[in-house]
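Please read through the structure below; I'll follow up with questions.
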Amino acid sequence: MSLTYDDVVAKYEPVLGLEVHVELNTKSKMFCGCSTIFGAEPNTQTCPVCLALPGALPTVNEKAIESTIKIGLALNCSIAPFSRFARKNYFYPDMPKNFQISQYDEPICVNGYVDVEIETDEGPKVFRIEVERVHMEEDTGKSLHVGGATGRIHGAEYSLLDYNRAGIPLVEIVTKIVPGTGKYAPEVAKAYVAELRDILRSLGVSDVKMEQGSLRCDANVSLRLIGSDVLGTRSETKNVNSLRSVERAIRGEMIRHAQRLNNGERVVQETRHFQEDTGLTRSGRSKEQAEDYRYFPEPDLVPVAPDAAWIEQLRATLPERPSIHRKRLQEQWAVPDKEMSAMINADVLDVVEATVALGADPAKARSWWLGEISRIANEKDVAVKDLPIAATDVAEIVALVNAGDLTDKLARQVVEGVIAGEGKPAAVIAARGIKVVNDDSALMAAIERACAGQPETAQKVRDGHLPAAGALIGMVMKDTKGQADAAKVRALLLAHLGQSEG
Amino acid sequence: MIRNSASEMASKLASGEITSVALTQAHLDQISAVDKDVHAFLYVDTEGALALAAAVDAKRKSGEKLSPLAGVPLALKDVMTQKGIPTTCGSKILEGWRPPYDSTVVTNLKKNDIIILGKTNMDEFAMGSSTENSAYGPTHNPWDLTRIPGGSGGGSAASLAAFEAPLAIGTDTGGSIRQPAAVTGTVGVKPTYGGVSRYGLVAFSSSLDQAGPCARNVLDAALLHEAIAGHDPKDSTSINAPVPAVVAAAKSGNVKGMKIGVVKELNGDGYQKGVRTRFEESLELLAAAGAEIVEVSAPNFEYALAAYYLIAPSECSSNLARFDAMRYGLRVGDNDGASAESVMNLTREVGFGREVKRRIILGTYALSSGYYDAYYGSAQKVRTLITQDFNKAFEKADVLVSPTCPTTAFKIGEKANDPLAMYLNDIATIPVNMAGIGGMSLPSGVAEEDGLPVGFQIMSPVMKDDRMYSVGAALEAALLSKWGAPLLSTIPALAGSK
Amino acid sequence: MTSLSRDDVAKLAGLARIEMSDEELVALSNEFTVILDAVARVQEVAGADVAATSHPLPLRNVFRPDVVIPSLSPADALSGAPAQEEQRFRVPQILGEE
């Protein structure tokens, strides 16, 4: 008999624990000067240090430390006045030293929290996720399994190792146990990872691309009977590489645990792997016999002891919290929730903001980014941000339209040209020979705006009260920044309103 | 020519009396003649050495200003990487590996135009006190070929005593420069930890390892010390401060008014009679040279050996994990269907020698969950106590002294099956590594009962390495005027020696 | 007296990835009885009030700037590889987690 999610949460309380790994976007690796650019040819970004050649020694990337402290501060953590790297010892071919330089009992940031808001049956509710620690470590290399049916490890005859990724700085953010989320556990977890992603992006410390693995989540789930204060046995689900998967994986694990518990079976403490296709998890290595990592202080590195001045200097660079920032923008731009969500989902909020900062009208900026540009991105199946068009380009185009130098239709051609790599808007206009055919059209647009802005005055002119035209002409002149010929404006205006000079 | 000191060779090169090519060739000839008996070298880079020597001669001819040791040959312990030159660390697991990069020490040697003759034998991964743990066979002590040359840097020390090289590089984790120096009648210096870069030194125990100069006299050691020392951004534990003025100190050799502290705990029972006699005699000579001899106590030194044999194995168990047959070195058992794990297991079984395995297992135990506090943790506390003992002692004395080793060189094979007896060799040298301070061993004569060299150890505070050179030079001068000739002039001639 | 059984040594050898014959395990187990007795002396003086020293020098905050420096050429990087293919290190099949 299959168990519904409602059955599960009626009987059990889920307890979560989330570990998020973030690859920092430093130019060089954590402990050596090799480049971190994604997608390079195999083993072209390796050196004696990240290949663990005999005799090589690590050196700490200062930017990585700064980024980690910033993350800690943004997550409301205390920054430890003294912290150390430690070696986590275990053998694995993708880890060249056969130990990972990590942090153990002396992490750099501790005791923070993140508040996330989700919609509940009783309306919006804030859940506080407590952060136990934020620490630094390094990524592993990548293995390619050859000979197996699907490139998977099972059944492979041998493996090929590329160490370009070995040593890329990683930050691990670990929550304390999260009880009390009840049936909302999957959504709270998803909202937490989304919030983390937004915070990390706003800090500019990571690309936070879940699909490329620069943000990865491990979800620990256990169940206990409602009312009990004894923690159940947890499973740790790895490979959760999208926000939707976070929610699905936790929901799936809650049901799986409950089925076992209802059947009188034990939940096994183990690592499980999330399967994107089925939404289920598959058993990995059992952790019943815990690996003995033999942590000890890394003797090749010296302690990190940030002084208060350095921490304050970094604190001063922190941007506004994304959730607060969003609320402020929404108020300023007076956009409805739905459109705000659309911008967030399309990941264009910050480009829209940048475009507005360059003088564009918020509504116009929004409509370009969410409309035409998003459409092209969809067509090309790339992220809006990966298109070669910048806020400066859009702001320029909006200004040209406002000035009457472009119609909306022509502006779309310019956008297309910029995205096609034909250059900046001015270059596209020149190269394609785009120009407004009728020189009067810009003036006419301004005249229309003036009339629309002062309908009563326009009516007076229509009614034959010609002196009233002066106010409208003034508006047009202001609109066109004084560049129009006033006499011509007057003639066009009067004609537009069905009058002529007596 | 090969019996000159390095500084004598340097001045003959500078004056044009000899060329570096001739000098290098003379040493290569000596290696050909005697190394079959001594086995100091694992690899001789004949072509590379001669090519570099020719280049240095050309530079000199063109009037270029050269460093003090330019054109002088040197023997490099096989634990240091040199680009393109086999580096084995005395282990089978690295057989045939040619590093694609230079260690910082080698970079510095090259900058100074010092000619690297080849790589010297050592206990596997520097674990040992006799060079018997080399996978490539032991090195023999030129004073008596049936005896050990010390270890782990027995090859470097023996190459000096056999006149195969006037200078050598050693590394010292618990005495691997100083103890071989003592038993071969040569000079060996372990600089302050962080004084010489560890980049490219294949790690045994990272918090203890330190490279340093080996030579036949104190001034030569100082010249080499200055050539290789200094801050290195590639080594996070390297000290960012000027190198102590060791050459000036070695040249002045002034000990007037200096307080020399005799460490009570590093003498007495367990020290061979001849060792003690030579030690007392040296103290008298230093007193006669104007130093004040005082006694100091370091009560926690008796725990140093135990702490060392926890810390060093712990770090080595982790440092040596990288030798796993995946990226370089030996690979064993890679048959159809074999897993990476089984290949790792088999390779490490075959590739590591007995002592290395013993220490890896010991270190794995000392770090393991549930035992960390009792072993590794406690050992680190002992380290604090030893440092405190040194600090107190240095309040009373400018330098501390002791015999370098409890005994003279023992017979090859004599202690091979008794690890604990072997470990006791390092009892007087280990405290220096635990505290990261400087230590030097120089010859103080031979023991009357066996005619074998005895070492005198001088210890100086962190980054006060110049002090041990002052005292070393003063003692050396006093001994020289007593003997009339350097101790090594009395070494029995090797068959075929030039 | 501290001692390590043959099975204890076997477990440690597993952690350290060293295949060992039964003979070797027994021999090491015997040696460790002596060695552990000797090294356990550290516990005599390591009181709770004594700080641990993991590093001989009191250095702090040694960093390098975030600057890319040239990597090894792939040929140099792979120069020691026991086996290689497609500019990658070729290793035997990896068992365990994915």
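Every chain is named by a letter (A, B and C) in the order it is written, and numbering of its residues begins at 1.
Going forward, a contact is a pair of C-beta atoms (placed from the backbone, for glycine too) under 8 Å apart; a residue touches a chain by one contact, two chains touch by 3 or more.
Remember, it's a predicted structure, so these values are computed and weren't measured experimentally.
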Query raised in the report: In terms of CA centroid distance, which chain is the most far removed from chain A?
Result: B
Report task. Weigh A-C against A-B on C-beta contact pairs and write down the one with more. Result -> A-C
Query raised in the report: Whose C-alpha centre lies nearest the centre of all protein C-alpha atoms?
Result: C
Query - Chain centre separation in whole Å, for chain C relative to chain B (CA means) - result: 24
Report task. Please compute the C-alpha centroid of chain A, do the same for chain C, then give the distance between them in whole Å. Result -> 39
Query raised in the report: Between chain A and chain B, what is the gap in Å from one C-alpha centre to the other?
Result: 54
**Report entry** Shared interface positions of chain C, touching two or more other chains
**Finding:** 15, 17, 54-55, 57, 59, 62, 64, 72, 77, 80, 89, 91-96
Report summary line: Residues in chain A with touches to at least two other chains are numbered 48, 51, 53, 59-60, 91, 93, 98, 159, 161, 292, 294, 296, 299, 301-302
**Report entry** Residue list for chain B, restricted to those that touch at least two other chains
**Finding:** 97, 99-101, 207, 233, 236-237, 317, 321, 324, 326-328, 340-341, 344, 364, 368
Query raised in the report: Which residues, counting only chain C, touch chain B once they are in their complex?
Result: 4, 8-9, 12-13, 15-20, 24, 28, 31-32, 34-35, 38-47, 50-57, 59, 62, 64, 72, 76-77, 79-83, 89, 91-96
Query raised in the report: If you look only at chain B, which of its residues touch chain A in the complex?
Result: 80-81, 87, 89, 94, 97, 99-101, 103, 198-203, 205-207, 233-237, 314-315, 317-318, 321-324, 326-328, 340-341, 344, 364, 367-369, 372, 376
Requested in this report: Could you please specify the touching residues of chain A with respect to chain C in the complex?
Outcome: 26-28, 32-35, 41-48, 51, 53, 59-65, 84, 91-94, 98, 143-147, 152-154, 156-163, 271, 273, 284-285, 292, 294, 296-297, 299, 301-306
Report summary line: Within the complex, chain A is touched by chain C residues 15, 17, 54-55, 57, 59-69, 71-72, 74, 77-78, 80, 85-98
Query raised in the report: Hey, which residues of chain A end up touching chain B in the complex?
Result: 48, 51-60, 87, 89, 91, 93, 96-99, 159, 161, 290, 292, 294-296, 299-302
